[in-house]
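What follows are several structures.
Heads up, the next two complexes both have subunit A, just with different partners, subunit B and then subunit C.
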Partner chain A sequence: MTRRSIEIGVAVAFSAFLIAVPWLVPALTDTFWVSVITEILIWSLFAASANLLLGYVGLLSFGQALYFGFGMYGVALGIDNLGLSFWPAFGLGIISAMAMALVSGVFAVRLSWHYFAIITVVFSLIFYFLAVSMKPLTGGDDGVNFSLPPVFHFGRTVWSLTDPTFQYFFVLAVVSVCYFLMYRVIKSPLGKGFVAIRDNDLRASLIGLNVYVLRLIAFVMAGFLAGVSGALFAFFGRYASASYMFYQVSGEAVVWTIVGGAGTMFGPLVGTTLFIVIREIVSSHWEHHSLIVGLLAILAVIFAPKGIVGLWNGWMTRLDERDAAASAQLKLQAEP
Partner chain B sequence: MSEPVLRTEGLTKRFGGLIAVDNLSISLASRRIHAIVGPNGAGKTTFFNLLSGLLRPDSGRVLFRGQDITGRRPHEISRLGIKRTLQVKSVFPQLSVAENLWITRQARSRFLHPFRSAASDLEAKSQVERTLDQIGLAGLAARPAGTLSYGDVAMLEIGMAVISEPSLLLLDEPTCGMSPAETNRAVAKIRDLAQTIDIVIIEHDMDVVFGIADDITVLAQGAILASGSPAEIADDERVREAYLGRPEDEDFVEEAAHA
Partner chain C sequence: MRDTVLLLAMNGLIWGLIIALIALGLSVIFGLLDIINIAHGDFFMVGTVLAWFSLSATGNFWVGFIVAPVIGFFIGAVIQRLVIQPIHGAAALSIVATFGLSLILQETVRITFGATPRRMLAPIQGTIPLFGVDYEIYRLFAALIALLALAGFFLFLQHTKLGVWMRAVRHDRETAVAMGIPAQRVYVLTFGTGFALAAFGGAVAAPITTVDFRGGVDVLPFCFMAVIIGGLGNLPGTVAAAVLLSFLEGLIQSVADPTVARISSLVLMSAVLLLRPQGLFQGFTK
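Moving on, here comes the complex of A and B:
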């Protein structure tokens, strides 16, 4: 088997699985796992936001939860306080996350590495404590609940996220669109500029790239991804809470990304899946499931510095080389 | 004489108590290869850092074709057409050789398209292929730049300078670490480039300097010690003393080994 055929096979099987989830999973185990998979998709987008910064621009952010929180509260307050319907509330969540990312990014992306990491934590802590203290508006750690407005109506037919199957496909569609957009950006001239800055920011400025502006663009794009996932999570849970703005939540996105594979498209999805599945299986039997998370993170950093997807890519490259060597051998034998 | 490509007026840079570049006024004529030499610590690289915007001068001005560029940021200066290489070879290690050239080409434009596929830009692609042939790295196009030999990285840096179509090229020890064969290839390439581009080169290899330079400026302790044609510099007593050292100096042996 060649690399290409394996990769196509995996992609087809994976897509088929995702489409079949609402029927396949209840048949095999329990409907509960459909909602776990929905949750995995949402959180993978949050990890993708940390990955866009860490894996493609070389910025380690421990503050992505802030934009996740803004996405959540944009939706919850939009519906509960402003009386918005579904789509305007969704838009408000995403736009407020991006606006917050722009404001903090203007200051944060001037710095790099540990200074950048610290300032992102500081920003998210400031707004975490603000959200906790503004209890009448935000509900603090208890959060605010809201009732779901319908997604579409056509005449008398109403589609709403209260239907778990529709909710699953809605989340799958939104997450797929975001992954597709991210794929386009990464393969574009802008994406190559990001990677150049990650590799060598001094050189990047000398060839004429505006390092500050490109980092800021990436930061706002990451704010978009975190905002979309926060908004989806608010719809999914029908509530928003300040506790999701805590920096521990940001840290989880970084760990999922590193274990899954930073700087790869699907690393965050793999890492998120692994950890949420572990959490769901282990946490009902043993309360210290985060020990497993820590252990896996340490193992990944030591044995698979490019994460699980990095290991996979390594195997695929070796397969490629073996095929190339084999075909060269064949050519040699064919010659008289 | 036509307008100078690059002129500095009283350029000064201090690091604490050390004056790295001391009231330097220099004027570089167009269409000539200008070499800057001097012992270690003479301020050559600091001078380049001031020209390319990596450092801001404490006083003085830098004029590029009559335009004041003092204190502008590196990417702004780069977009005016002043490109440079770095003394410690510096490329994008995880990008392939072709991608290194490609992004350097793209960086000339202000706007990087966020959604169009990078692979679909045929103009840039053919530029990359031509440059790969010119620098003799076509066979290594897909290799990550971080896995190249030192000499190949240095060639790639020259290629990156070429593909950006500079109008002024600042080369900081381009042949450092190259084998004799690679040095010859690089020297030929630099001569070829000088037909269309103004070049300033910092170089320790005296064979290279005297082989390609039209004008030589000798720096010592941040100031100009001597300036002139290669023949004038070779005969200058002060240069011999300051740069090559007196024969009885122990340093002489060391410097001679470097040269």
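Moving on, here comes the complex of A and C:
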């Protein structure tokens, strides 16, 4: 088996699984797991926003929860206070997250590495404390609840996220579109610019790239991803809460990304899946599941510093090398 | 009014001295090992819990002042050897590893100590009249202890072999190793010292705050602020920044609510980061 055939096989099996989830999973275990998978998809997008910055631009953001929170509150307040319907509220969530990312990015991306990490966490803390103190508007840690408006209605047929199967496919579609957009950006000249900055920002600036502007663009894009995931999570939970803006939430995105594999397309998804599945399985049997999560994070960085996807890529490369060696051998025998 | 201002400023000053101890531990670890230690707040929390356990085991509060830093030192040394050393100072990985540590420490305390926050009785009861109210004597005593510990630590850095080694390795690792300084051992001892400082801060602060397995979560951002505003690697700057920040928060709390005070110190911090990323005190102290 060659690397290409294995990877195509995995991709096909994975896509088939994702499409079959609403029927396959209840048949195998419980409908409960459909909602867990929905949640994993949403959080993986949040991790992807940390990954876009850390893995492709080399900026360690510890404040992505801020944009997640803006996405959440954009939706919740849009519906609850402004009386918006589904799509305008969705839009409001995304736009406010991106606007916030633009404003804080203008300041933050001037700094690099440690300083950048600290200022992103500081910005997110400022708005976390603001959200907690503006209780009449935001509901503080308790949050605000809202009732879900329908997504589409054509004549008399109404599609709403209250149907778990429709909700799953809606989330799957939105998340897939976001991953596709991210893939296109990474493969574009813009994405090459990002990677050039990650590898060496001085060299990138010497070949004429505007490091500041490129970092800002990446920061707003990451704000977009976090905003979409926050908006989706608000729809999913039918509420928004300041507690999701705390720095520990941002930290989880970074951890999921690094354990899954920073700088890879599917690393965040793998990391998120691992941690949420473990949380769901262990927490129902054992109260102290954080111990396992903590231990896992430590073991992951010690034994797989490039993440799980990095480990996989390493195996694939070795497979490639073996194939190349074998075909070279064959060629040698064929032409004596 | 004037009395409340003075009182809250006093509270801020005392809390700032304790925070300075903890932040110093963070700064030492950060400066020498290049580790962004997310678990540092929990090191402090472990200190408060150790003080609580030693009080309930021996019935003597003062034992905690010895027990917390000593046990903290050993836990820190073991952590460095098992967790920090294998990741070779990669900053991004250090965040994940210390995040895991933070979870493990919190959960271990939750299993052994319990999830309910508890209050610890101060060993020195009684109050003295200060600014028109009866001020707890223990708070003043805690400030004194924190000051002594800070002074002791700087003496240790200047005048002991290990202190000199620590400064040497931070200054220039290659040369230090070439001169025969065992860098690996210095790393272990430094991490232990960082933990011990935070744990000692915890033992001193235990009667002032509550003993709770989540007690470190609020302390952590504050310590990072002190380290950054003071200037990375500038130890006296860290101490000054911790005291200044906490003092300012105390002052602002007398006219506004604590959240506003916290937000204004965060805004101050952003300004420092953007305008003087080398820290507020670079060029004043060295």
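In this text, the second predicted complex is superposed on the first by the 335 of 336 C-alpha atoms of A that agree within 3 Å, B and C clash if a C-alpha of one lies under 4 Å from a C-alpha of the other, contacts with A are read in each partner's own complex, and residues count from 1 in each chain.
By definition in this document, a contact is a pair of C-beta atoms (placed from the backbone, for glycine too) under 8 Å apart; a residue touches a chain by one contact, two chains touch by 3 or more.
Just so you know, these numbers come straight off a predicted model, no measurement behind them.
*Asks:* If you stack the two complexes on chain A, which partner ends up touching A:193: first (subunit B), second (subunit C), both, or neither?
*Replies:* first
*Asks:* So in the superposed three-chain picture, is A:185 touching just subunit B, just subunit C, both, or none of them (first/second/both/neither)?
*Replies:* In the superposition, A:185 touches subunit B alone.
*Asks:* If we overlay the two complexes on their shared chain A, which of subunit B and subunit C does A:205 touch? Say first, second, both or neither.
*Replies:* first
*Asks:* For A:122 in the superposed arrangement: first (subunit B), second (subunit C), both or neither?
*Replies:* The second partner, subunit C, only.
*Asks:* Could you figure out whether subunit B or subunit C reaches more residues of subunit A?
*Replies:* Counting residues of subunit A touched by each partner, the higher count goes to C.
*Asks:* Which of the two partners, first being subunit B and second being subunit C, lies in contact with A:328: first, second, both, or neither?
*Replies:* In the superposition, A:328 contacts neither subunit B nor subunit C.
*Asks:* Looking at A:258 after the superposition, I want to know if it touches subunit B, subunit C, both of them or none. Which is it: first, second, both, neither?
*Replies:* The second partner, subunit C, only.
*Asks:* What part of subunit B is in contact with subunit A in the complex they form?
*Replies:* Of all residues in subunit B, those touching subunit A are 52, 54, 73-75, 78-79, 83-84, 86, 90-95, 99, 102-104, 106-108, 112-119, 121, 160, 164.
*Asks:* Within the complex, which stretch of subunit A touches subunit B?
*Replies:* 181, 184-185, 187-193, 195-196, 198-200, 202-211, 214, 217
*Asks:* In the complex, go through subunit A and note every residue touching subunit C.
*Replies:* 54, 60, 62, 107, 110-111, 113-115, 117-119, 121-123, 125-126, 129-130, 132-133, 247-248, 251, 254-255, 258-259, 262, 288, 290-291, 293-298, 300-302, 305
*Asks:* Give every residue of subunit C touching subunit A within the complex, in rising order.
*Replies:* 36, 38, 83, 86-87, 90-93, 95-97, 99-104, 106-108, 110-111, 217, 221, 224-225, 228, 232, 257, 259-260, 262-263, 266-267, 269-270, 273-274, 277
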